[in-house]
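A single structure is presented below for examination.
Order of writing sets the chain letters: A, B, C, D and E. Residues in each chain are counted from 1.
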Amino acid sequence: MSQAIPTPAGVPAPDAVLVVNNIEVIYDHVILVLKGVSLSVPQGGIVALLGANGAGKTTTLKAISNLLHAERGEVTKGSVVFEGQRIDKLSPNQVVRRGCIQVLEGRHCFGHLTIEENLLTGAFTRRDGNAAIKADLEAIYDYFPRLRQRRHSMSGYTSGGEQQMCAIGRAMMSRPTMILLDEPSMGLAPQVVEEIFEIVQKLNVTQGVSFLLAEQNTNMALKYATYGYILETGRVVMDGPAVGLRENEDVKEFYLGVADGSQKSFRNVKSYKRRKRWLA
Amino acid sequence: MLYNVLIDPFVMMGSAPDLLIQTLWEGLVAGVLYALIALGFVLIFKASGVFNFAQGIMVVFAALTLVGLHEMGVPALLALILTIGVMFILAVTVERVVLRPLVNQPDIILFMATFGLTYFLIGFGELIFGGNPKQMIAQELYLPQGSTDLDLFGGLVRFQHIDIAAAVIASLIIAVLAVFFSKTRIGRALRAVADSHKAALSVGISLGQIWVIVWFAAGIVALVAGIMWGARSDVSFALQIVALKALPVLILGGFTSIPGAIVGGLIIGVSEKLGEFYWGGLVGGGIETWLAYIIALLFLLYRPQGLFGERIIERI
Amino acid sequence: MFYREAGQFKTTYAADMAIFPLREDRIGLAVIIVCAYALVFTGNSFLLQAVMIPFLVFSLAAIGLNLLTGYTGLLSLGTGAFMGVGAYACYKLTTAFPGLNIIICILASGLFSAAIGVLFGLPSLRIKGFYLAVATLAAQFFLQWCFIRVPWLVNYNVSGAIEAPLRTLFGVPIVGATATPETRYLVVLTLVIGLTWVASNIVHGRIGRAWMAVRDMDIAAELIGIRLLRTKLLAFAVSSYYCGVAGALLVFLWYGGAEYDVFNINQSFFILFMVIIGGLGSLIGSFMGAALIFILPIILGMVMPAILSPFGIGITAATVEHLRFMIVGALIIFFLIVEPHGLARLWQIGKQKLRVWPFPY
Amino acid sequence: MRPFENPVIPQRETLLAVENVSLAFGGVKALTDVSFDIRKGEIRAIIGPNGAGKTSMLNCINGFYHPTHGSITFKGEKRRRMRPSAAARGGIARTFQNVALFKGMSTLDNIMTGRSLKMHKGFFWQMLRYGPALKEEAGHRRVVEDIIDFLEIQHIRRTPVGKLPYGLQKRVELGRALAMEPELLLLDEPMAGMNLEEKEDMSRFILDVNQHFGTTIALIEHDMGVVMDLSDRVVVLEYGRKIADGTPQEVKRDEKVVAAYLGVAH
Amino acid sequence: QDSIYVPLLTYRTGAFAGSGIHIADGMRDYLTMLNERDGGIGGVKLVLEECETGYDTKKGIECYEAVKSKNPVVMNPWSTGITLPLIPRAAVDKIPILSMAYGLSASADGQTFPWVFNPPATYWDGLSQIISYLGTKEGGLDKLKGKKIGYIFLDAGYGREPIPLLEQLAKDYGFEVKFYPIAAQDMQNQSSQWLNVRRDKPDYMVLWGWGAMNGAAVKEAARTGYPMDKFYSVWWPGDDDLRATGEPAKGFKSLNWHSADGNYKALADIKKHVVDKKLSQANPDKVGEVLYNRGVYNSMLIAEGIRNAQKVSGKKVVTGEDVRRGLETMDINADRLKEMGMEGFAQPIKLTCADHNGHLATFMQEWDGKKFVKISEPIPPMVDKVKPLLDSAAKDYAEKNAGWPKRSEACDKAS
């Protein structure tokens, strides 16, 4: 039903840093996961990628940062353009060098390295000297004081949330112009979730970093994002400015959990078991 | 019986200290040579989590190339440089053809791939250089010959110059590598890669570059090991078997530690020689083949990650 | 299209739990088994004696190792030695009880290697991964040393070797030089099929699941109540049993006699590679791996001179061997790149493609 | 069906009591002198900022970590050291913060492993996969299929779990824990990385399990909405210490909790 | 079919290739020479085919199966490990096995092993020859009393076989034996055993090695300063093994039964007809070295076996069965050697139905820093010590392999 805003598929907005053009992704040569996804991230924008489990959010992000290869997946169709140049044929480290970095879903810290070493590996591609790196390190510690406390612990032994902070901090260490954030809020305490989004906004405003966030916490995502896409089983089923999406009735009910104007209770879940599927 | 096991050997040690010293020295020398082979394994394991089965054949291949080139009339030093070049080409090829397509695969798969590489190198090496043993050109490479006999504790203790050279060269290599890997940004990246290929890719570490570096380093270490072993016996494909001895060394020292390789090598070398020399006779000798493994095994029961290995993280 | 599961409904859990729930699979398997038996009628003794018997023996050993390494995730480099234990045990049994049926001897010899396997499996509770390989390596070298050093094992033969004496089954010689390739092959084939069936039963039931759980995440397995040591030791026992029987078959139905060196570390690696290339955690893969690692070089050795000679390349036996090494090495790498999870997975994907054919996915 | 608001639960018997538990790793104090109890049949939430020691607490309860001090009493039995498999046999099941499924196995097999404790047919019958073994297997299979139906994951029965999206993996993990028919179910962030719809599903399952099977549940979760709605009582940890314990309403109003964890927004 | 098929199991690859290559070249070149020079044997061309075993039992058996169907007239397994499994098959497949001075020593007994031949001497013969040489050097075997003899050997059936005899001789002559086993995987890593040698200070050392072990042993001996002229070996070290150590290896001695140089007409013919025509894979320098000549000798036996077979059977194209008879009636006397252009190359040898070995007297040769030179007259084996061992070993084999068939093959008269 309501496709309130027309999809800009294939028509890159003039000021887009990142344009994903109708990509198709296959895993293991047989499992088709993305069936033509297009999206674009404007310069200095924060774009949210929403969708149920298994919709293909992570896959989309990996397709952009070219990490699919490592999972025996491949982009069989379409193109990815970053800052005006195609990056779908580059190696992952070249993509990072150009300023586009991904924070992997599910932490993926280097378990045998300390938190600090983890953060420093983030600066691998940088060439601007130790002083600058040191300064950035301090900045990260200021963002996440918990990390400063644990800086000399092996990250494999830190708690889930600490690892998540470490992963985000590590990505920031590369001074990217674009960050692909995969479920940043997962496993973080509410306070920290808010802080993370504040940081995202701050980086966005002060340094002009663009963001593409895959997020399950729709509430938060739509609050901070400027634009949103909703994915379902490998297709974009809806997109539009965040404000618009927030007001959409379906989104409200199924993603934000607001029905009849008030928050639902989880106690009450059995009273409704109705699902929204755009692609029936 | 108990006397034979527990007391007699020590009496022997005490009564002939010159032999004890000689045994210790032989053990140390063997240890250094084991360590050189183990070092090659460690470098690659450290940087990619790959257990490189081909390290043994790389030792043979490097030495064969060196000697083979020399036989073709290339001057020794030039042959050495060319061989280093060949090892570089090997590193690049391995990265392109084997490792790159297998990024992020389970360790055991990469292990298997290095086995394929072993097969290939055996065939290739024999095709080009033939299967007959060759003599190491130790003299042409200005490696010292001869030996020094010292009169110690009422007996002659013999120190071969080539062994001393091996010890010195091994220490140098290890020092250089240790500095390189701990003081540079590459060193950190290396450990990151070993932890997780995927995460390393995501932060922009170029796996290709890292792998070429470590395989090249391992190739050079293999060359040195090949020269030293070759000078001891000769250069033939049988040397490959000796490489197996690096396994208990690795296990004892920990797969990821450069100092571990050397310390492990020395421990294994010395205990193996002492064991064979003083206790081997009790069961008819030849216990050297498994003694190293039993020592490593007992040690592991106490410390499952080896002497210097990284802690095995068990969390849930 | 060719291969479809639609329309085949299972009405009982027992039917659904069958190891081959699909009719196509069952038919295919039956055809393969019938063909395997039919090979006897070809009368080609090279095929039976030099290709099929060793292939089956190695497949059995590969299944054994696969139970340990592929299903339980415990890396073992001691397969050769465990095979040796089986062979030597079988030799002792047949010579100590000449009247005992040889099949019983072979099957019983596995019990000895199982016991030894358990012994060397004890450290597996504490030691993991490549580090565990050392325990099995210790087994490899120690046992091999025993094979040479304990003359009792070879009945004090001066040659230090064991020989398969003449033994019959229903009056037909099956062991010893006079046994025809056909009868040997039938015996090996039947034993291998039987043991494969048992292995498949085990891995599809409670025990197999416990093994796989330990392999995939041993901590979690322990947390859901699986006793690690017991499970791992059972895996060692069953695996070594299979290897032991394979070793006995190797000496008694294939070589006819052997020295300790047959069970060296290379044999261990050889089997390990079959398991990996065939597919860890797959019984069919064990067969495929054995085929690739054992039969492929034979075929290469036969066809290569034929292919190369027309080009006027004076090709010697040694060159063939070198090329064979190179090609096998390259093929191993190639197959791993195409499908790291082994030939078995490649096969599955192939089936998957057939299922959706003619559509790409 | 339960009433809309959190009911006032009558004082029920204690199933598990944690007394003065401390846990340290070298210099890191993960838990310091924590005591609380879990009563039979309740849903007990454990919350706290990241690194507060919640997961470590669960690890202590099911024997993966051994407290350096203090004791844990489960079903009236006091213990200090226990192997995890013993805890499982005692009736404690759990799910994990970082999904700990058996990646190479299918959904069905994963859940079947949860039944291992309940299967007893010996090696001999397993070898033949016939007679008693087959009967036993089919019996347990029925239970497992019920769980699969209950969790609505029929469609992924045969999929290797490594390939499932995160949310479904969490669900399978719950299935595996349920298959153990535990008395005490420990859930470590079962809803992390789920969207609203899936959280609702999960909540429904948790409530059902709690009500229909009377399973006691200890729940760690960072989504306050879920915690407040589902749990009967909440214990709050910070830096390894307990800072509050009570009903959701009480905890929500507790200043210390607000400062340490919830933040002003809530 | 008007050719005779002779498969050659060789190993030019693997850990033992260093020795295998020269033997393979020698074997092949001699037979090729017969083809080129004489058009084969008795006018019938020989079809030669090498099968690469890599000294690996598995591949060896595969080779056997592969060539079996092409009617081979004789098999040369060239590895004890491959020989053992083939022994029982020989009678069934009717292919004689020629395991020249290796394999199962007991197979010298032709009554028990009609199909297996291991001329010209067994390892027991070899050991007794070394001991009696030591005896003569000391001025009588009784002078060995109180001496210490070290025995360094490959820890396998091959190296262990002489041990019972060695122990018995030690008892009989009152010398002491020290054992130094070297495992196959430690072939090139022998230093601890040589430390033992240093401690024990044996008066003589006897080496029973193969492949890379020989060269490494000589090197280690030089390293430890063991006097080279007290170091003796069975017949398997080749020139390369010594050359690697060079000058310090001077004085090392080993047994041999054929010449170690190339000054024979047969070898000249090989040069002329094979090497110069580029039909050989051998490096021309190696023609005439110990292991090359060993290969030549092996092929000479094959050729004689075939020639004899043609005589006894009266056929031109002979079968395995015929060659077995040919080998059994082989009598290579001085005249025949001269006829073959091998006068002085080796001693005459004669095999019979009962004796498949010949127990040839072998001589001692010494490494002079560049090549081996013969330094002794042929030393006869201690028949009285060896014979009982052989007999009991053969009996033992037949007994342990219950149902081992009695000899049914008829015994030909020497032709």
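Some notes on this structure:
In this section, a contact is a pair of C-beta atoms (placed from the backbone, for glycine too) under 8 Å apart; a residue touches a chain by one contact, two chains touch by 3 or more.
Chains and their UniProt names: A, D = ABC transporter ATP-binding protein; B, C = Branched-chain amino acid ABC transporter permease.
The shown structure was predicted, so the numbers you read here are calculated from the model rather than taken from an experiment.
Fewest steps needed to get from chain A to chain E, stepping only to touching chains, is 2. Interface comparison, A-C versus A-B: the higher number of contacting C-beta pairs is recorded for A-B. Relative to chain B, the most remote chain by averaged C-alpha coordinates is D. Of all chains, the one whose Cα centroid sits at the greatest distance from that of chain C is A. Put simply, the C-alpha centre of chain B and that of chain D have 48 angstrom between them.
With centres taken as mean Cα positions, chain E sits 36 Å from chain C.
Chain B and chain C have Cα centroids lying 32 Å from one another. Chain centres here are Cα averages; for chain D and chain E they lie 74 Å apart. Contact with two or more other chains is made by residues 141, 145, 219-220, 223, 265, 318, 321-322, 325, 340 of chain C.
Residue positions of chain B touching 2 or more other chains: 122, 126, 131, 244, 284, 286, 289, 316. In chain D, 55, 64, 96-98, 100 are the positions where the chain touches two or more neighbouring chains simultaneously. Taken in their complex, chain B has these residues touching chain E: 16, 19, 22-23, 26, 29-30, 122, 126, 130-133, 135, 147, 158, 160, 229, 232-234, 236-242, 244-245, 272-273, 276-277, 280-281, 284-286, 288-289. The residues of chain D lying in touch with chain C in their complex are 62, 64, 83-85, 87-89, 93-94, 96, 100-105, 109, 112-114, 116-117, 119, 121, 123, 126-129, 133-134, 137-138, 141-142, 145, 176-177, 180. Contact residues of chain C toward chain E in the complex are 45-46, 49-50, 54, 95, 98, 141, 145, 148, 155, 157-161, 163-166, 176-178, 254-262, 264-266, 298, 301-302, 316-318, 320-322, 325.
Touching chain C in their complex are the following residues of chain B: 51, 97-98, 101-102, 105-109, 111-113, 115-124, 126-127, 131, 244, 247-248, 251, 255, 283-284, 286-287, 289-290, 293-294, 296-297, 300-301, 304-306, 312, 314, 316. Chain E meets chain C in the complex at residues 10, 12-13, 21, 49-52, 54, 56-58, 61-62, 64-66, 68-69, 80-81, 84-85, 87-89, 91-92, 104-106, 155-157, 160-161, 164, 183-185, 281, 389, 393, 396-397, 400-404.
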